[in-house]
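Quick heads-up: structures coming right below.
Same chain, two partners: subunit A is paired with subunit B first, then with subunit C.
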Partner chain A sequence: MQPDFVRIASVIEPDASQRALVADLAKLCDGRATAAPQDRIAYARDLWPKATYFAGLGKVPRPPDAICWPADEAQLGKLVAYARERHIPLIPYGAGSGVCGGAIALTGGVTVDLKRMDKLLEVDRAALRFTCQAGIIGENLERELATHGLSLGHFPSSIYCSTLGGWLAARSAGQCSTKYGKIEDMCASLTAVLGTGEIVKVGGRPARGADLAQLLIGSEGTLGFITQASLYAVPAPAELVYRAVRFRTLESGAEAIRRILRDGLRPAVVRLYDPFDTVIAGKGGKPHFEATDSQHRDSIQVIQERAPLAARLAIRAALGRPAALNHIADLLRECLLVLVFEGDGELASAEDEQALILCRELGGVDLGASPARHWMEQRYAVSYKQSKMFAAGAFADTMEVAATWDRVLPVYRAVRKAVAPLGFIMAHLSHAYVEGCSLYFTFSATAASPEACAERYDALWREALGAAMGAGATVSHHHGIGFWKAARLHEELGSAGVHALQALKRTCDPDGILNPGKLGLGAEAA
Partner chain B sequence: MQPDFVRIASVIEPDASQRALVADLAKLCDGRATAAPQDRIAYARDLWPKATYFAGLGKVPRPPDAICWPADEAQLGKLVAYARERHIPLIPYGAGSGVCGGAIALTGGVTVDLKRMDKLLEVDRAALRFTCQAGIIGENLERELATHGLSLGHFPSSIYCSTLGGWLAARSAGQCSTKYGKIEDMCASLTAVLGTGEIVKVGGRPARGADLAQLLIGSEGTLGFITQASLYAVPAPAELVYRAVRFRTLESGAEAIRRILRDGLRPAVVRLYDPFDTVIAGKGGKPHFEATDSQHRDSIQVIQERAPLAARLAIRAALGRPAALNHIADLLRECLLVLVFEGDGELASAEDEQALILCRELGGVDLGASPARHWMEQRYAVSYKQSKMFAAGAFADTMEVAATWDRVLPVYRAVRKAVAPLGFIMAHLSHAYVEGCSLYFTFSATAASPEACAERYDALWREALGAAMGAGATVSHHHGIGFWKAARLHEELGSAGVHALQALKRTCDPDGILNPGKLGLGAEAA
Partner chain C sequence: MAQARPSTAEFNAFLAPDEFRERGEEVELTPASAGRLALGLRWANSRGRKAHVSRARFASVGQVDITSCLIRAEAEAKVSQVEAVLERSQLTLGPLSPCTRGLSVAGWLSGRRMGMRSVPGGRLESAALALEAVLWSGEVYRSHATPRSATGPDLDFALLGAGDAVGLITSAVLRGFPRPTTEDRTSIALGAAAQAAQVLRDLIGHEALPARAELSLHEGRPVLSAVFENLAFRAHRDAGRLRAVAALHGAAESKHAVPKLDEARLLREFEVAWDALPAVLELCAPAGAGLYRLARESVVVCSALELEGDGVVPLDAPPESPGWLTQMAASLRGEG
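And now, the complex of A and B:
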C-alpha cells in the first residue's frame, strides 16, 4: 500500500463537511481542532523520506480531513466514540519523526495529536520509576528527569522531535540500548484508550501469563492510543569513559563487539562504522584524535586526507556511478568503533580496559577517547543533507534491520550486493546485544526524472529489504513498520502470526478506525 | 475452579471407550499410549501441593482418560486434528513439576507428554545460540551445553524435574535471573503446534511490531504445544565470586540489593532471607562461616545456637500456635544476604568489592564466601519436608509474587499480617532486578482434620495472595498461573486484558481443546 499523493496547491479551505467535522471535534477537545489548509498540509506527512522528496516537488500524501488535540483520556474516549459512530479513521500523532509513514493518514480522517498530554505526573526516586503522559517530547522528559538526578537512558537521535508515546508505539531504541535496553524493556505499565473507547491500564514487570503491555508497545496506534506510561529510570551515570578503536575490516570490528558482549561487558554506546561511513562520519567534525604514537598519527592522517576524496566521490556517485563508488569503499579499510562506558568510574574503567584488550587481540588500534567524545557531542546532529540531496534531484534514505551475530555480516554483504547497481550505500552496526545487533544502512541514488527517482527509490528498498531478510535479518529493529514495511512484516509473521494480529485488532478496534493500513491492518482485518 | 478429587482406588482398568481412545492414540504415536490405572494415577497431578496432600489421603484429581507420547510435530498435528474432531481436551505435559496445577487434566481428556521430543538439535557457538526440542529435562540440557563450553544461565531449583517447554510455557526464572534474565528473555524463536493444528515458528529477537513468541511464552499450553525453541546461551563463566552479608533487618538488606542493582552491578544470584528463613536455611547444612574477627564469630554463634530453638518452635507452631511463632521471628534480627558474581574474574571481583561497600554503608556485616558457597552446593536440594508434614497432618506451600522496590516491603508486611493468624510464614527476596524483585513465601499450618486442613489451605492462599496483590504485587513471577491463580490473573488483567486473551484463545484454539481451565480460559472462551 502506498499513499496517494496530491498537489499541495489543491489542499484548500475546508468544505462544508470538513467544517462540520471541525466544529464537532472542537466541542470534544476544548476548541482545539483545525481543518485549515496549512495545518492539513503540515500533518499530511511524517519523516518518511519519499514524502519529503515529493514535498520538494509540490506534492504531499492525501492529508487528514482535520487535526485535533485532546487534553486527556476522557476527551480521547469521547473522540473514539464519535469516530466509531461515523466510521472516521483516527490517526494517532506524536511528533511526526517516524520514517516509515506510521503517522500518514492514508485514507483521510482525523489526525489526533497527543502533544497536549505532556506532563511528567510522578517521579519515585527510590523505585527509580516515573509516570508520564505520552505526548511529552523526549528531550523535555530527559531535562525534567535530570532535575531528579535521573535519566531514562533512552536517547534516540530524534530525541528533540519524538515523543514518549511514539517511542512506545514503534518500539524505539536509543543510542544507549546496549546497556539500558529498548523502550519496551523500560516500560512498567501503560494506559491506553482502545478502539473500543475503553481506557485500560496494562503491563507491569516482571511479566505474567500474557504481557498485554507488550502488545500495545509496537502496535503503532492500530489497537489504541497510548496515553501515559510508567517507566524505569536510571540514576544519572556518575562517569562516562570514551574509547575509539580502528579496525582494518568490518569483520574484525564486529567480532570484537561480539566478544565484548559475550564477556559480559556492557558499554552504553557501541557503534562500528564501515569504511565509507567511517570516512563520512570522520569528516564531519574534524575530531582531534589523541595520537599517542606515530602509527596512530599516520592512521588519523589517512582518514583525514581521504575525507575530501570521499566527498568528491560521493558527489560523483550521486551523479550516477554508484557501482564504482561502492567498490572504492572496499579499498579504504578503516572501520571506526566507538564505545562509551557509563556508571561507577572504577567499574566503567575496568570494562573499558577489558574491552581494549579484546579489541587489540583482533588487530584493533586504540584511537583514544576523542573520536568517541566527538561522536557524543554530535549525537543528535541528524543530517539535514537529505533535503539538499532531494533538491539536487537525488535521494537518500536509511534502512535499519537487526540480525543475530551469525547473520550480521551475511546481511551486510547481501544488502550491499543488492543495492550496488542502484545506489551508493554505507552502513554501521549499532545497538549491539549479546545475541546480535542492528545494521543501519544509508543509501543514496539519482535518476533522470522525479518519476524515475521515485521508481528507483521503490526498487532500491525492495531489493535492499528483500536481501536483508533473505539473509536472515528481522524486518526492523527500531524504526517500526508503518505502512512502508507492512508487507514484509506479514512475510516475517507468517499466516498464524498475521491471524493472531488480526484477532487482536478485531478485539481492540472492532470498527477498524485506528490508523488503518499501518502494520498491514486495514478495515478488512477488523 | 478447583479439580474434582477421586479416590485412587476408584481409578481402575480402562473401560471400552478408553480402550478405543488408546488404540487410536497408539496409531498416532508409534504405539506410545496408555490408559493403565497406574499411569492415569501418576499423571493425575503435578506438584500442586494440595494434590500432594490429598494423595496422602488416598485421593487424586480426576485423572486424564489416557496419556500419549508423540514423537514430533507431525504426530502432534495429527493428534490435534483427531482431538478437534471429537472435542477431546489435550493437556500438554513436560515433567510435572508445576505447583499451580497447570498440568492437571481438570475435565479428563488426553495428557500429552512431550518428553520424547528431547533432542538438542543445533548449537551455534559463535552465535551463542542453540535449538532444542521442548521435552528435554533442564539438567540434561545444561550438561549437553557444557560439552560446547556453553550454559543457558537458567537454573530453576526444579532443573532435574522440569523441561525446556515447561519453562517457556510458564515463564520460568532460574536462580541466576538477575544476570541472565528469565526464560522469556533468552528465547530467540519457538515452534509450536497450535490448537488449529497449524505448525508455526514465531519470534526472533530483537523484537518487532508484535512479538508473537511472547504470547506463546507463558500461555501454559492453552494456545498451542511449544515443541522446540532457539535460545541464547552464555559462555560458561570463567569465575564465580561468592559473598554473604548479614543484616539486622530485612529493610536494610533490601535497600542494599536495590542500591547494588541501581549502581549497575549484576550479581548472578541475589537472595535475602528474612530472620526465620535465615535460621532455617542456615540450620540445614551447618555452613562453615569464614569468621575473620570476633564480631563475626559472635554472629555465627548466635545463628547456630538459635537454630535448634527455631526447629522446636517450628514444631510447636505446626501444632497450632502460628501467631506466637511469627512474633518470635521479629526478635531474631538476622537476615542473610547471598550474592554470587560470575564472569571475568577481575570484573566479578570488582563488582563484589563495590557491592560489599554498599552493604557496609547499610550496616551489613561481611560473612565471607562460605555461606554463599554453601547455598550454591545446596541449590537444587528441593525440600522433601513437605510430604513429611503432610503425613503429620499439617501442610506447607510456597507462594511467589513480584513487586517493584517501593512495594516490596509493604507486600512482605501485608502477607505476613494476613497469614499470621492462620499459619507460620517465612520469606526470602530473590530474582532481584533494577526495578524490583520476587518475594518467595513459605508457609505451613495445621488443622484438626483433613477437611479442615484443606479449608485452611484455601483460606491461607486466599488471604496471602489477596494481601500481596492488594499491596501492589503481581500475581506471579515464575511459578505461572495454572488454574490455581487464574481468577487472580483475571483480576490483574482487567476486562480488556481478559478479552484480548480470549481473542487469542479463539484464534489459536478455536475448539477450546487445549488445557481447558488454565489461565482461566475454558471452552466458554473459545
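And now, the complex of A and C:
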C-alpha cells in the first residue's frame, strides 16, 4: 500500500466535517487541535525520502483530517474511545523522523502528536534508572539526564528530531549500541494506551511471566500509544578513547570487528566503512590524520586526493551513470574502521589496547585518534546532507539490514550487485554484536523525469531489499517497517508469524483504528 | 487401550503410527518434527479434540556455528547438554545457575527464566536468537536468526516466559559466548549480610558485576565471594573494583580461604529485585546463598530456603499467562 500524493495547493481550509471533528478533538485535548491547511501539510509526511522527493515537486501524501495534542493518558484514553465509536484512524506522531512512512496517514484520520508529554518524571540515581514521558525529544532527554550525571547511551543520528516514544515504537538503535544495546535493551517497563482504550503498564522485573513490553516495543503505533517508559541509564562516561584503523579490505575489517566482539571487548562505537564510504567519511570535515609511518601517510594522501574526484563522480552518477561510478568505486581498496571506547579511563584504554592488537594481527594499520574524533564531531551531520541531492533533482536513501556474521559479507556483495545498475551505492558495517552486525547502505540515483525517478526509487528498493533478504539479512535493523517495507516484513515473518502479529493486533486494537496500513496491518479495517 | 489412526489421507501420508494415538475424545501426539506436530494439531483442532503433546523426540543438539557463536538445540535437549557441545568449541551459554543447567531448552525458554542470562555490560539478554515453535493453531512459527531487528513487535516474546500459552517451542538458535580465559575469585568479609547487596549494586555503575557470587558465614561473619570471568585484564580490573567499592562500605578482602558452597543444597531459585536483595541475603546467609545472573535488572538467588515477599519471584513456578496471550491464542484459533 502506498500513499496517494496530492498537490500542496489542493490542501485547503477545513470543510464542515473537519471543523466538527476539530471541535470534538479540542474538547478532548484542552483545545489543542487543528485542521488548518498549513498544519495538515506539515503533518502529511515524515522523513520517508520518496515523500521528501515529491515535496520538492509540490506534492505531499494525502494529509490527515486533523491533528491533536493530548496532554496525558487520560485524554488519550478518551480520544481512543471517541475514535473507536466513529471508526476514525489515529496515527501516533512523535517528531516525524521516521524514514519508512510510519507516521503518514495512509487512510486519513487524526494524527496524534505526543510532544506535550515530554517530562522526565523520575530519576533513581542509585538504581541507574529513570522514568520519562514518551514525547520528549532525544537531545533534551540527554541534556536532562546529564544534569544527574547520567546518560541513556542512546545516540541515533536523528537525536535532535526524534522522541523517546518514536525510538521505542520503531526499535531504534543509537551509535553506541555495541556497548549499550538498542532501545529495547534499555527499556525496563512502559505504559501505553491500547486501541481498546485500556491504559496498561507492562514489563518490569522480577517477572512472573512473559515480557509484554517487548510486544509493544516495535509496534509502530499499531497496537497502542506508548506514553511513558522506565529505562536504564549509565553513568556519564568519564573518558572516551578514539581509534581509527585502516584495512586493505572490507573482509579483514569485518573479521577484526568479529574478533573484537568475540573476545569480549565492548567498544561503544564500531563503524567499518567500505572503500567509497571511506572516501566520503574521510572527506567530510577534512580531518587531520595522525600519520604514524610513511606507508600510512601515503595511504591517507591517496584517500584525500581521491575525495574531490569522488565527489565529482557522485554528481555524474546522479546524472544517470551509476554502473560506471560503482565500477570505479570497486577499484578503491581501503576501508576505515572507527572505534570509540568509553567508560572509566582504565577500562576504555585497556580495551582500546586489546582491540588494536587484534586489528594489527589482521593487517590493520593504526591511524591514531583523529579520524575517529572527527567522526564523533560530525556524527549527526550526515543526516542533513541529503537535501542537496533532492535539490539537484535526485534522491538519496538508506537501507539498514542485519545478519549473522556468516551472512554479512554475502549480504554486502549481493546488495551492491543488485543496486549497481540502478544507483550509486556505498555501505558501512556498524551496530556489532557477538553474533553479527548491521549493514547500512546509502544509495542515490536520478532519472530523466519525476515519474521515472519515482519508478527508479521503487525499483532500487525492490532489488536492494530482495537481494539482502535473499542473502540472509533481516528486513530492518533499526529504521523499522512503516508501510514501505510491510510486504517484505510479511515475507520474513512467514504465514505463522503474520497470523501471530494479526492476532496480537486484534487483541490490542480490535477495531483496527491505530495507524492503519503500518506493519501491513489493518488498512482495510479503518 | 484402543489405538486408532485417523483415516484421512492427510494423516496416512504424513504421520507415522507412533506419532499419533487416540484416547477417547483426546489425542496424544509424539511427533518427530515441527511440521508433523503442526499437522496433528490442525487435525485435532478441526475435530474439536484436545491434544496432548510430547516433545520427547525433539532432543537433538546441532553443530556449533563458530563464526557467529550460535548453536541450534531442540526443545527437550538439556541445557547442560548444549553447554557440553559448546564447550568443545571454547564457547559457553554464559554463567548459568545450577537449576538452569538441569532444565530442558524449552523449559528454560518458556518458563519464568525466559532464557535470560546476564551479558557484558550487566544487562539481561535472551539466550535465544531465534525460535521455532508450533502455535496451537497448528502453524509452524520460525523467527529470523538475526542479532537484532526492527521488524515490528518481537513475537518471540509471546513464547519466551509464556509457558505454552500461544504455542510450543520446538527448537531454538542459542547465542554462545567465548569461554572466559581468566577466573578471578575475590572474597570480602562484611559487617552484615545485607551489605553484600549494597556492594554488588554499586558495581553496576562500574561495569564490574561478577559472573556469580556466593554469600556464606565464615567464622560467624558474612563473606561475599565473587567470581569474575573475562579476559585477564578485565577480570582483574573488575575484582579490583569490588575491593575498592567494598572498602567504601567499610568492608575488606578476606584473607582466609573461603570454602565453596555445596550447590546441590541450593535447590530453590528466585529472581530478586535489587531493593529486596538486602533482606533476602540477611535471611539466606546462615545457610548460604548462591547469586547468579547478576544484572542491573535483578539477581537470581539460589537458596535452600523458601522465600517470598515483594520483589521476590520463585523461578520454578509455572509462568502466569497474561490475558493478552490467552486472547492472542484464542484469536489464532479463530475463537476470538
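For the reader, a short list of remarks on this structure follows.
We take it that the second predicted complex is superposed on the first by the 514 of 526 C-alpha atoms of A that agree within 3 Å, B and C clash if a C-alpha of one lies under 4 Å from a C-alpha of the other, contacts with A are read in each partner's own complex, and residues count from 1 in each chain.
Operating definition for what follows: a contact is a pair of C-beta atoms (placed from the backbone, for glycine too) under 8 Å apart; a residue touches a chain by one contact, two chains touch by 3 or more.
These numbers were taken from a predicted model, which means no experiment stands behind them.
With subunit A as the common reference, the superposed partners subunit B and subunit C clash. Of the two partner chains placed by superposition, A:84 touches none, neither subunit B nor subunit C.
In the superposed pair of complexes, A:404 makes contact with subunit B and with subunit C alike. Contacts of A:181 after superposition: subunit C is touched, whereas subunit B is not reached.
When the two complexes are overlaid on their common chain A, residue A:374 makes contact with neither subunit B nor subunit C.
In the superposed pair of complexes, A:479 makes contact with subunit C only, with no contact to subunit B. Once the two complexes are overlaid on the shared chain, A:198 sits against subunit B while remaining clear of subunit C. Touch criterion not met for A:428: it reaches neither subunit B nor subunit C. Between subunit B and subunit C, the overlap after aligning on chain A sits in one stretch of 37-45, 199-207, 307-315 or 451-459, namely 199-207.
Shared contact residues on subunit A (touching subunit B in one structure, subunit C in the other): 126-129, 171, 173, 182, 184, 188, 205-212, 214-215, 218-220, 232, 234-235, 258, 262-266, 343-344, 346-347, 350, 354, 402, 404-406, 431, 433-436, 438, 474-477, 480-481, 489, 492-497, 499-504, 506-508, 519. Against subunit A, the residues of subunit C that register as touching in their complex are 65, 67-70, 112, 114, 120-121, 123-125, 129, 135, 137, 139-155, 157-163, 165-166, 175-178, 180, 201, 204-207, 230-231, 233-234, 237, 270-275, 296-298, 311-313, 317, 319-322, 324-325, 327-329, 331-332, 336.
Residue ranges on subunit A touching subunit C, taken from their complex, read 126-129, 170-173, 179-182, 184-185, 188, 205-212, 214-220, 223, 232, 234-235, 258, 262-266, 343-344, 346-347, 350, 354, 402-406, 431, 433-438, 473-481, 489, 492-497, 499-504, 506-508, 519. Partner subunit A is touched in their complex by these residues of subunit B: 124, 126-129, 171, 173, 182, 184, 188, 194, 196, 198, 200-202, 204-212, 214-215, 218-220, 232, 234-235, 258, 262-266, 342-344, 346-347, 350-351, 354, 402, 404-406, 431, 433-436, 438, 474-478, 480-481, 489, 492-497, 499-504, 506-508, 519.
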